[in-house]
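One structure is given here, and the rest of the page talks about it.
Naming follows writing order (A, B and C), and every chain is counted from residue 1.
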């Protein structure tokens, strides 16, 4: 009995791209996602290569050129102490982006681990961990982070660690939920009935299938954390002067005169936050579409 | 001859009458032009006043899109009507603005849908949903609308209608919801009712209730019906005419008796051959080869050509149009004339290869099996009860036989299958496999059992890990059991691919690249990898198209003979079960009510539930309608957490007496000497049904 | 239903216990204590005096005893006294909470109404220019941080156009009037609301799109109902249900946002109080603030569950 059919032949005609090839194709077809990826790449590169791009260091003071509007030798002008805004944005971006990526890496590691444990073992362990998650989620995130920073003192390192240590519950909850819904899938039953061991089931069947929604959540979390860090720094509880971060560059704008008459000091860093976050959100949205399991789960 | 004449007569009368609906050359595409899905291609049909027409086709045949287009229900975009007219009493439904069509929808043409649960709004009371069409179209005041809605609920057989008007959809069973859906469609007394697979989501006994209801209401209200279905057997019993659709086109239409007696299109013939007939269980099914069509190609050729036994060059070059075959009978096939001369069947019926006679030694003995799922309620989540999914089940499976476990949804048949394999932990009972008790097996004992026993799952989409290649899926059991070396496992996977009829090239594909039938073959190959003796097949064909079902059933049949397998087949499609099983066990609400050889159970059922179930099976024979006695059961299956006392079936049983409500019936053997055992659990087994 | 609520309340007891432990731990770990704060305020000090004062306040006891003392006080409604001005924390919060609730309430309501409306419109116009523009605007909305939005609003509407005041809750030196208060409210509320409106819009759009694909919508259309009736009665009602969750999730972020926005606009609510207390290491006020926000969030979560059961008859909770 052979199975040479129309559907079969069309499958044979198209070369198999595999799962990741298919996902990459869908991602690149997503115009905003591609745009986001390009913008993000430009921002990251510019920040990494800051010394090559900017003519000034972030803390170089141009005594004759304080409060300079954009133009001339200072592309985006200078601040009240004569520091080059453009340079500070590039170097500040290093801090903002690093905090974003490192804090999310910490929270993702904790969140995925706790989510897997709760989801797979269930029962009392699950109850306990869910209680812990509820507890942490009861605190408004920015509020509890501020309270912790008040204890350990403000610094970039502390900001990163505190955000990382307090941001895992949403990822843990997502991971757990995904695992619970997967546990009832027939292919997990099939694996159990074939005698596949629990560790193999987790590694081969569960993790690859929960990875895509988690990846999407992690990406979007980077955006959220960049916003959090910016808020903290704006409040004076994140990166400390003289170091620049996008958030603390807006601190000067708390003075109405600067806010009104020297917008070049606060608008560019604010815009950079928005652009970086926007690009990451575009990428996250594209990933969501590209990794949507419905494309490969089939069904009608 | 009599029947044929009658049919032609009836068709002629129908045509002579004024057509209430006339669809002419309808084509519908989805998606951007140039990258379209050609869902409906040049479809034409007429519907006379009071007539009932069935449109039959498999998934993707365009049958639902056709009727939804008439109602203006397809979303545009992505849908587009490219050509055609649909005249309702002379007015073109497709040309009028939506505001005008809206006044026809629900008032003159009403519709009922497939899944009664999802087609009712979950957050609105059924009272509101029933009255809103009346208020919209007839401007009735609330009180009057409610009165008429109540009358309609009574008419469709909803008890306590007045109180239930305030209830929400989730408070009803599926069968009741479909009755409500029908009431909702009929409140404005439409002249056409479109029924879009209204029974597909329902159990067979409930399906029988709904069909009976619709037929009765059609007579009472004198409306015309278009009944959309994938099931030729179902519509055979009650429609006047049938139109068969394939890949968006009508390939044949005829009066119902004529279509079954003298089909001419190869697809119609193929469909009829792939349905097991209740009378000829020993003829092998003749499946249609291949998989459902690809509707992304422009309809410039006969879409059935890739699967047809009679394809010639012309079939691939041009699309045939409907030609008249006889009175009311038309087909779209280039070769129908030549083929009609030739013998109707492609070959003489093939005798089913008789499997080696089943031995009398049981391979599996299940006794007193109980699986209960706890229900926790209240502040402290205390266990307040249990869903008695399996409540004391005993059966044997002999070496080399196929035992079918049948019953309606929720009867516990799947849970029983899973418990046998150790996927559910039994609360009580023993499971002897090859003489060893495995009921509470863990660790190595369980592992050994899983070498000998495997499962084929129902859902061809959910049962394969979407992120594994076909090769890895099939080889999973070998890796799990650490059988052989990497090279020998690879070789075994190739062997298995060939065994289930898949090309080697599919080894590196992912499930999403496969058709439903191919996926199910992968599932079968996976189960066979470690050379098991015993296969539990949990509804392995119910998610597949009719023409593919026969392929899979034949494959299972071949494998059984070739590999000397024993099957426990869990299913609800009784005609398939009759075809492929040696013995049958009928389950109702967690218990087995009747067990016996397939011939005995189907030929002379003794339990009143079995009788009702069998009488509800649709038969692919329009003439059987008059002679068969239908026992339509009232009510629905009770909640398995609170089964009725005594015999679980007594509240719905036509034979029930006092004792049935008090005493659980013992299993008694009614087997004739030499014909094997025929076990029935009923106080009134074998008594004539009133 | 009642049993479900009881169960929820019971389950929130251990969570609440954990919350108080965390709050206490933060305060305990904070450098400086009440005595040091007072001593620095009072004049000359000696080690003996410090020890004596600590003894009076029970600060020389075991940590858990201190915790029990504190929780006992909290249960009696006593949140301690501010190190900075010696006033009762409860009094300060009681005075300032209404301002914050006014700000948050108006912002949340505006965000919900605007966001949901635009989201539904966007879904109904899927694949059209309106949808693309709104979706893009939504992306931008969730990418602009509260404080930058606040600064932009002040720059444009208070400094450039001079339409609205830039800070405070009322004009200094004038008698308090509601209209004046509302004028002051517009910008901070908008700063908080726009971000959340974008979030509501995205969820409302997704929810509505999902609902539009449901078969009951097809049934409603097949009955010949008017498009408006279909959208509002059959669609919106169902699309709103998942938004309840978004509502519940938005509340905690509003507390965070209000801290920032109150700082920019010098809005004298508890957010501004919190930031001041962090700067001054005024741990009783910090504890009081964190505890109260946590309790409000908890109550909001309970209310979310309740709202679910009201909106969705399928939820039976037993």
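Heads up, the rule we're going with is that a contact is a pair of C-beta atoms (placed from the backbone, for glycine too) under 8 Å apart; a residue touches a chain by one contact, two chains touch by 3 or more.
These figures come from a predicted structure and were not determined experimentally.
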A-C compared against B-C, more contacting pairs: A-C
Far-end chain from chain C, centres as C-alpha averages: B
Rounded Å distance between chain A and chain B, as computed from the means of their C-alpha atoms: 47
Between chain A and chain C, centroid-to-centroid distance (C-alpha), Å: 23
Inter-chain centre distance, chain B versus chain C - centres from mean C-alpha coordinates, in Å: 53
In the complex with chain C, residue positions of chain B that touch it: 68, 71-73, 77, 98, 102-107, 110-111, 113-115, 118-124, 132-133, 136-137, 168, 170, 181, 184-185, 377-381
List of chain A residues in touch with chain B within their complex: 1-8, 10-12, 16, 18-19, 185-187, 189-197, 200, 204-205, 208-209, 293, 295-300
Residue numbers on chain A that touch chain C, as the complex places them: 32, 131-132, 134-135, 137-144, 146-151, 223, 227, 230-231, 234-237, 247, 250, 253-254, 256, 259-260, 263, 266, 270, 273-275, 277-278, 281-282, 285
Contacting residues of chain C [partner chain B, same complex]: 3, 6-7, 10, 127, 214-216, 218-227, 229, 233-234, 237-238, 241, 311-314, 318
Residues of chain B that touch chain A when the two form their complex: 59, 289-294, 306-307, 418, 421-423, 446-447, 450-451, 454-455, 457-459, 461-468, 476-477, 479-481, 501-503, 505, 508-515, 517-518, 521, 523, 526, 529-530, 551, 554-555, 558
